[in-house]
Structure formats: structure tokens, C-alpha cells
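Here the chain labels run A, B, C, D and E in written order, and each chain numbers its own residues starting at 1.
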């Protein structure tokens, strides 16, 4: 899991560099949320279970099997971008092979879709599970509620994970969420848990239980992973307009990767040499991926006008 | 009892198989046809400066001035 | 062959597809236990069970969104929106999701869902059970919008819609459900969604129409043929989006006169697109203005009977417009 | 309150008769829900507070001041219909004078609107309150959730009353609602109470407290009035398709009007003579209203094409 | 007079209306503290406070619905939808609620709300920050849809929209926000919403356009005047619904040749209605087909730069079409 978190982080850092170099038009970052993402996704069976990630879920898709090369091809909108052939913005993940369902920009649309995908598993009596993720602002919209209700009525095998990173662009939690997100689940008759979203093992554990429940046919779970958005909302956002640097720095002390690294070092799972070696390896992979993506061709403009309808 | 077929249309306008180019030359445009009918002139008697030699509104206006 | 109402034809199309393909399922409000508020899905839950014929909560965005999700995972849902007037909550899931799934994933995903909805003015329907909603959806690449009027076409087109790998919005003119009857083949057949239907050939004018007004058009065509010797070519788009431009233009060029007739509020209706098509690509063949008859530009349709009755252009008005254009 | 309940019931009964006579195209009935409606509305100040009723809320609008004549003019779609001049179906209430906001058919749209109306009161520091009502199925849609969330975030002076009458046309509660409606409020950080919707005093009390809370600026309340729909969904519905007569008869024993009448008789508030006299009076009013409405003119068709835009 | 960008003009219009009328308020996502993702509402919360410039939760149906409710109770909200691509969740509240409030209540209620939204293709915007959504709304009696292109018109039209007792959807071409600058009067003025703007008079052809492409049209008009002596009449609808039919038809009849230009997906776009209007009511004056230029019938607009650049018809294509029609 540590490797996946590091992979997501280093890929993300590279993305920002490419943005500052003027090569990447748009970055939307997962920094700070890697624990929540990797901890949850690690419980899934890629290609069996389904995931409906949102645009920030680089940690999730990389845990399931997307590579830095995939990510950077998408970042740079190249033809080989596995998500969309360069049609979508970065973060709009898609992979039939990995059962990552084509992501969208409108916030919240994934939840009713995830509920439907879960219902299909139930109809066939299979033990597949669906993980649907979004930010805290995605709980403000009706689509989330409608999906939660259906999931509760029919004990659907769906895990809703809300990555509450305190902000929705500039809007803080207090103007976004009434009551508590984790506390909403009870109203729909299923469990809701709040976890420290910067503690990968805590998220892993909560998700493990949720996924197991779903597989057993016991229905949905809501996980609120409380975390923090370490970068601006995206490369188009100037977060100095609405939050203080001190707040960010305070959260930096709780960086999920540093924290897990410390844990692994303390427990002898990893030593400093291995840690450095791993980081070098990851950085090398990211570097190679970047070079590949930067040199990859774009699709032809004519391709942009085609593929609107599937062949009958 | 069926009335006589109306002038407009008749037995189809026999035009379905014609090309746009032929029609432009022969029939020009609604405004030109209107002006031609109003003044009793044949479109074919006017030289056209429009696409493919079409008689344009300006062409017929100039023609009528002369 | 058997004579069936539009309602029976749609019901039968659904039932046959469900028998032929176990992934086909029906979902919506009151479709299961009650068989649908119009009885279109009557008997289906008994035959196919509560999972495949499924009563959803009252939540249209969920109905369409979960249909998309079901289709991702092996099912082929036919979602019903109880009245087209209630489709707006599902608008995002239709135009931003279902319609774009294929294109945005570069062909990896598609959303083979069918969304059925009854539309059009009925007595007592008032402002929220009478609307024509097609124009909302006819500017959305990736979506198909069809509105077959008669039973045989409806049954065959519904089968095509269900089999189609793309999302299809299937509009049913509710006043026609029992009013329109027609011969329907017994065997399995599908009507392609990309072909307009020429119901009647003619040389004097082309009338393009759909919904119950198409029935008025067809009757008027017979009447003015007998009474005035005017031969109308009656064309039904079947697909409102994308339009079968070839058939429409062929007819427009053949007759030189085109009238578009529908009950939707005139300004901004799909008839505008049809007219624009003709005005640009059949221009040289035009013998007369491209005309339209549509509903008034006021909400469809006020409740009180005299007001409702005044809303949809009358058969007399249609006939008069056809004569007028033929005689232009 | 008893009078209002009786007024609503007798008007409703007359409506069904007119429907069976072929004079009224459409009836959507409040029978069985009069206690919930009257009990709640009795706490409002007509013309000060606002109400967003749904189509079944005859009891609410009559408590606020709509008359049998108003109702029957609307039923028959006459020009003098105060709701809409005959443009809308019955049950689509509207009165500027009584602050009854023009109702619609799409389920749930009233909730965000009610939240906005409540917000305006708060902005001006006034003690006005908004009552927003709907059936249990109106809680399945996103609009309800979005409004509940806004109300909770900003402590809006809005009372959400859900009249859970067990069915949404043919769909029973178990396929409509996950968890419990009353239980949902806690997730948004404000109180939710379930009350016996057939006990007018219980509803009155719950609504009294909710309205008082809102007036004091303490925020919203959710009331779930548990009741039962005694008639078919509407005159277009054949409820034999999905429910048993026995179930209806069992609920008839709990008829809210009979129950309150019994209470009033037992407590000496009313005696049988007064009860009969009241009923005669109400019936006479309804009879007169019916005659009036049946003879009232329709609007001219041309009027149906006008009034689309307010004058600039 | 001062030169302002479209963005500044809109900002100023908002601020001025808020100073003049304390019931005017602004609401939407990120409009308050952050001043809007495009900075249109920058400084407003500082000046008018957190209640009148209000950060809503991320919920578009709520944004529009609560705006309606606020307007019922004495406020005059200007709701912002962050990107027009995100307006679909609010579709029901717009077309079934705001648009029908006045008609359905027989004039007792109205919904004097303004909904602002940025639309149109921008580099990097991709499929959900580039759409043209006007056609969704231009078949809805009771709603007004305006899309003024240039700063002076935008400021004055926004004021009219805010003052209008009807719901107005106010579309802002986002790529034009900083790109288009123009002279804006200092004094208070309002631009009526029901008048199309004739930007340039001409006799040889009429080009009807809006959005950034209107700028291309205007430049091409100058170019072909200088280079070929062709005089173009450039008309901007301002109101896309209802259309100012009088001005449009007067121009179409004057020149005999009409070209409609917009970046929206061509099929089903508002340009279809404009063409249909001309083809029916200016037929006898036509000296050439009614033509249209529009975006391709594929989703607007794919992310990769070469694909985005190919999406919006180029200035060259516009000029060529103008020449071709002029020479027809």
C-alpha cells in the first residue's frame, strides 16, 4: 500500500511540474488523500469489483492497476490515454479491464450509477462489490441521497466512500454539510463510519469490513474518510483567496505518507534503505512515464468528431 | 369530384432528379422568380453573375432598370 | 398480423424482448406490481419477477442513473419515466452521462439503456401531464430520440431501441395509446431507428409530422386527395435526433413544398431543425416557403377543457394549411 | 380544527361525486390525512408564514382560509379558480393573500423553494416560518435532501412535514424509504419526530413546537406524520391492483375525524347535537359551493395563450 | 465611457444593481469568499456581506429552487451556475418551476430570478466546461434566454435581466470574458432583452451570430467589405428565446441571404429556429439558401489541444461561408 501511495504522490508531483512548465493544461491533485484512497481500494478485486472514482482518486486507480504512464498520458491528453484517448480532462478515469467506470465532471452522478451496478451483482447473486467515491460536496447533491436510499432499501453491495478534505474549491465544510456525513447513514438504515482519512490502516480496516459486509449480502456502508486537501483545488485555483497557509502546514504534519512511512519504519516492515530505494524506483518509473507521455502523439482532430455512437 | 390539379406542383414538379446547379440556373431563387413574374420577364433572358451563372437579385434589378 | 393499439404493441414489444434476452429488465415508478399507470407493463412482473420488473423509488435521476449502472454490469434496462413532464430531474443523467459514456471513454463503455416516456396533450392532463419534451434532447450527440407514432412502428422501434448499444429516449404519445390502432406483424421484427417512414407518397407537398397530429395529417391527406386531387407525401421522422436527413430531403426536393406539423410549442421545437435542413439543402427545389404548424408558445396545456381543446392545432387547421401550401 | 377537518372531508367527498357524475375530470383526495394537515396548519399565521403544500393538502389550505367554493372552482377548472384560473389540475394550490405558494406536480420541487423562502425571513431577521409538505415518496428525490441540508446548515425557519400515507400510488413504503423518514433529520443536525398522523392533537403539538423553534431562530424540524391514504391515489388509479380492502378497513377504524370527534364528545367540547349541526352547516356550505362552481364560467380559450410572461 | 472586458462589465452590472436595490443578492458555488471561479463576483461579499453574497452547497437544483423561494419572499436573486455544463441538475427547477410560476398561478406569483452561467469552448475545458446549453432552454414558454456577447450589451442586459419580473437565463461566453473588450457607458443604462442588435448594417447578406464567433463574424464583415466590397449586415439575437423575430426578418428580407453562425452542435441548435423563421416568413425575399455554420455533432469539446482547436469553426471557415453565400 505504501508503494501505491508513493506512486500516486510522485506522479502527482510530476503533474504539477508539467503544469508549471506549460505542458499540462490542468492538474487536479490527490495530495493528502492517498491514505484514504489506497486504504480503500486495496480491498477490491480489480476486474471483478467495480469502482466509480472521482477526479481526485489517483490513489484508487493506481492501486487497482493504472500506471504513472497511464496517468501522464491522460494528463497530457494523448491518444494513448487509457481513460479517453485525450477527450477528457485528467482525472476522468476509465478502464473496462479494471472495472473503473468512466468518470465524469458533474459532481455526484456516479452514485446512482454505482447503485445500479451493485444491483446487477445482487440480481445475479454474485459477491461483487462496488466502491463509489466522492468529496464531501458530493453529498450535498440529490444524486447521492437517491443512491443511498436505493442502496438502503435493497441492501445493495455498494460502499460509499466520502473523502472529506474540508473544502469544495473555496467552500468550507461548515457551509457545505449539515450535521455529519458519517451520521447520515443511520437514517438510511445502514452503518456509517468516520475514519481518520490520513491513516491508511484505519481506512483499510474500515473498508475491509464494509467490503466484507457487502460481499456477504448485508448491504451498504458509508465511510467518511476525514482528510485534507494539501494543494489548491486544481491548477486553476488560487487557494490563497480563502484559506491560510498555517492551516495547510498544520495538516502537513499529518501527511498520510510520512505517517505510514514512520509506522512502517517503526515496525520494521521497511528500513530507511528500502524506503529510499523504493522512492528512487518510483521516481524512475514516473520519470520514464513522463518522457513517454511527453513524446506520445495526440489523436488526429478528425478522431474527435467520430465515435459518438456505438455501432448498432 | 376531383378538381383540376393545381398549377403549383401539378404532376410533381419533375424536379426531384434535377441537380442544384441546373435549378439555380433555371429557377434562380424565390425573390428573382417573384420579380421576374411581376415584370413578365424570363429568367433565362437575363445574364447571371451568381454561382454557376445564376441570375441574382441584383442581376434582375439591374436588368429591370435598363 | 393482428390489430393492436399503440399500448398493446409497446407492451408486446417489451414482453417479447424480455423473453428473448434475460438481461432485459424494466424499471420505474409503479411499473411492477401495478403494471404501470397506463398498463403498458401489465403482467410483466408476474411473468418475469420482481427483480426484472422493478418498482423504483420516486426519483428520476436515480431511475436513469441506476439504469446506466445496471447496463455497465451486464443488464439491459428499459427505464420508464412515468410522464415525460417528469423527465427533467433525470436530465443530467441523460445528457451528460448516458449520452456521453461511449464517446468520453473512447468506446470502452457504452450505456445501452432505453428510456420510455409518455408525452403529449391529454384531456385533464394540464401543465404537467401534457408536455412535449423532445426538443430538450435533440441537441445531444450520443443520444437517440425516437417517437414512432403507430403501433407497428412502435413495436419494432422499441425492439431496435432495446437492442441498440446507445441510449435511446423512446417517446410515446399518450393520447394515442388507445386511440391509434393498426396492423402489427406477429413475427419478430425490428424497425431501424435511423430511417424516416414515408407513410404516403405524393407529389404536391410534403408534410412531416409525428405524434397524434400525424394521424390528422394522414386523414387530411386522404381527404384533399379525394376532394381536390392534391397528393400529399406524408413523412414521419421516427428518429427526431439524429434526423434521417436523406429521406426528409429527398421528399422535400420531390415535392418542392414542405410543411412540418407537431403539437410541441412552436418556437424552439424540433420542427425548426427540420425546416432549417430543408431551407438549406433543398433550397433550389423549393416552390414555396417551408412552413410549420405547432402548438402555441404557451405552456402545454391548461387544464380546463375549453382551454385544452384549443391548445393542439385542430385537424381543420392542419388541412387548411396543407391546402394553402399546395396551392401556393 | 374539527371544523376544518370536516370541511376538507365533505368537500373531498363532494369532489368524488362530481367525478363520478362525469363533471370533474380528476380528484386527488385528502381523505385520511385531515388530522396531519389541519393539525400542522393550525399553527401558522396565514398571510405571514408561508406554506408549500402538495396536491393532497386540502386540509392545510382550508385551515389557512381556502373555502369549499375555492376548492370546487379549482376542481372544475373554472375561470374563478383562485389557484390558477383553471390552468392547473386540482390540488395545485396558490394564493398570494394566504401565502400559499403556487404548487406544482413534479414531486419534491417545493422543498428547495421552501428553504429559500425561509432564508429570506432569516436574512431580514423576521420570525416568519415556512411549512413545506409532501408525501413519503417526496423524500426519495434529491430536492428534499438538498433542502434539508441547506436548512440544517443555516438553521432555516422551515418545518418539513412528511405525510407518510404508506403508498406512493402503488409503491409501498418498504420499496420507497430506507431506514426511517423521521430518523433522517438527525443526520442533518436537527430534530425529527414521528407522530401519529391520524391524531390531530398530536400533530398539532409537534407542529406547534416545530413552528415555535423556527420562530425563535433555532432552525428546522422534520415531522413525519404517519397516516394512511383512504382512497385510491386519485380518480385515475385503481388501487385494487396493489392493496387489499382489509387493510383499508383496518385503517378506517382509525379515521382521524371520527377519532377527534370521539375525543371532543368525550371531553364535552362538542355534543352530538352540535356535531350534527356543524356537519349540516358544512354540508350546506359545500352544496352551495358545488352549485356555484358547477355554474361558473370557464376562461376563454384565448386566455390560455396569454399570461405567459409578467409585464416588464 | 470606459473600456471594459466582458467580465468587468458583468461584475460592474451586478455591483451596481446590488447598490441600487438591497433585495438583489448573489448566490452560487464559490461566489462569496472566493469571488467566483472566474472572479466575476470578486469584491461583492466584502461590500455587501455574507448574506447577500452567499456561498451555497454544491447542489444546482437547490441553487435555482431556493432562488425561486427567495424571490417569493421579497428577494431578487442572481444565481450563478458555475459552468453551464452543470446546469442540468437544475433543469426541473428552471423549466417546470421558474418558467411556469407566473402562468400557472394565473399571475399571482412570479419568479424574478436571474441565472448566470458561463458557456462555450475554452482550451482545456474538455467535455464538461465547454458546452453550449442554450438549445435546452429555448422551447420553454415563460423563460427568457439571453446571451449578449459584448461588454456594453452584457452589462445593460444583465441589469434588464435582474429587473425583469420573469426568470432569465443569462449566458456568458467564457472564452470572451477577458478576450472581448469594449466601450461601456459609465451611467446607468439597461439594454432591453427583446431587441436583437444590428451591429453592422449591410445589403449583401445577413449574418446572425452570438458568442465569441460573433466576433469572428464582425471581423470577417470588415475584411470582406474592404477586400471584396461585400457589405454584411451583422445581427446579434441578444435574446435567444423568445427571438426578436421582427429584427431578424427585417434583415433577412433586406439582404435576401441569411447565414446563422454559432459554435453549438449544429443539429438541434437555436440556429435551426432562426433559419426556420427566415425560411417561412422571408421566403419571398430569399436570394439564396438559408445557411448555418455550427459546431460538429459531437460532444463539445475534446480535451487534447489539437482536438479542441478543431472543434469551433474557424474564422477562415466563417469568412469563406460569408463570401460563398454573398456570391451565390
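Brief remarks follow.
Methods note: contacts are C-beta pairs under 8 Å (C-beta built on N, C-alpha and C of every residue); 3 or more make two chains touch, one makes a residue touch a chain.
Keep in mind it's a predicted model, so treat the numbers as computed, not measured.
Contact with chain B and chain E alike is made by C. Common neighbours of chain B and chain D under the contact rule above are C, E. Between the CA-based centres of chain C and chain D the separation comes to 36 Å, rounded to the whole angstrom.
Centre-to-centre, using mean CA coordinates, chain A is 40 Å away from chain C.
Averaging C-alpha coordinates per chain places the centre of chain A 44 Å away from that of chain D.
Centre-to-centre separation between chain A and chain B, using Cα means, comes to 66 Å. Within chain A, contacts with two or more other chains are made by residues 84, 87-88, 92, 104, 106, 140-143, 146, 149-150, 153, 175-177, 308. Residues of chain B in contact with at least two other chains: 29-30.
Shared interface positions of chain E, defined as residues touching 2 or more other chains, are 56-57, 59, 61-62, 85, 88-89, 92, 96, 100, 103-104, 127-128, 141-142, 283-284, 286, 288, 297-299. Shown are all chain pairs that touch, namely A-C, A-D, A-E, B-C, B-E, C-D, C-E, D-E. Residues of chain C that touch chain E in their complex: 61, 85, 88-89, 91-92, 95-96, 100, 103-104, 127-128, 135-136, 138-142, 241-243, 264-265, 267-281, 283-284, 286, 288-292, 297-299. Against chain D, the residues of chain C that register as touching in their complex are 29-30, 33-35, 37, 55-62, 85-86, 88-89, 123-124, 126-129, 296-299, 301-307, 309-311. Against chain C, the residues of chain D that register as touching in their complex are 25-26, 77-79, 84, 86-89, 92, 104-108, 137-138, 140-143, 168-171, 175-177, 236-237, 241-242, 298-306, 308.
Against chain A, the residues of chain C that register as touching in their complex are 51-52, 56-57, 59, 61-62, 64-75, 77, 89, 92-93, 96-97, 100-110, 112, 141-142, 144, 160, 163-166, 193.
By the touch criterion given at the top, residues 50, 81, 83-85, 87-88, 92, 94-96, 101-102, 104, 106, 109, 111-121, 123-124, 128, 142-143, 146-147, 149-150, 153, 307-312 of chain D touch chain E in their complex.
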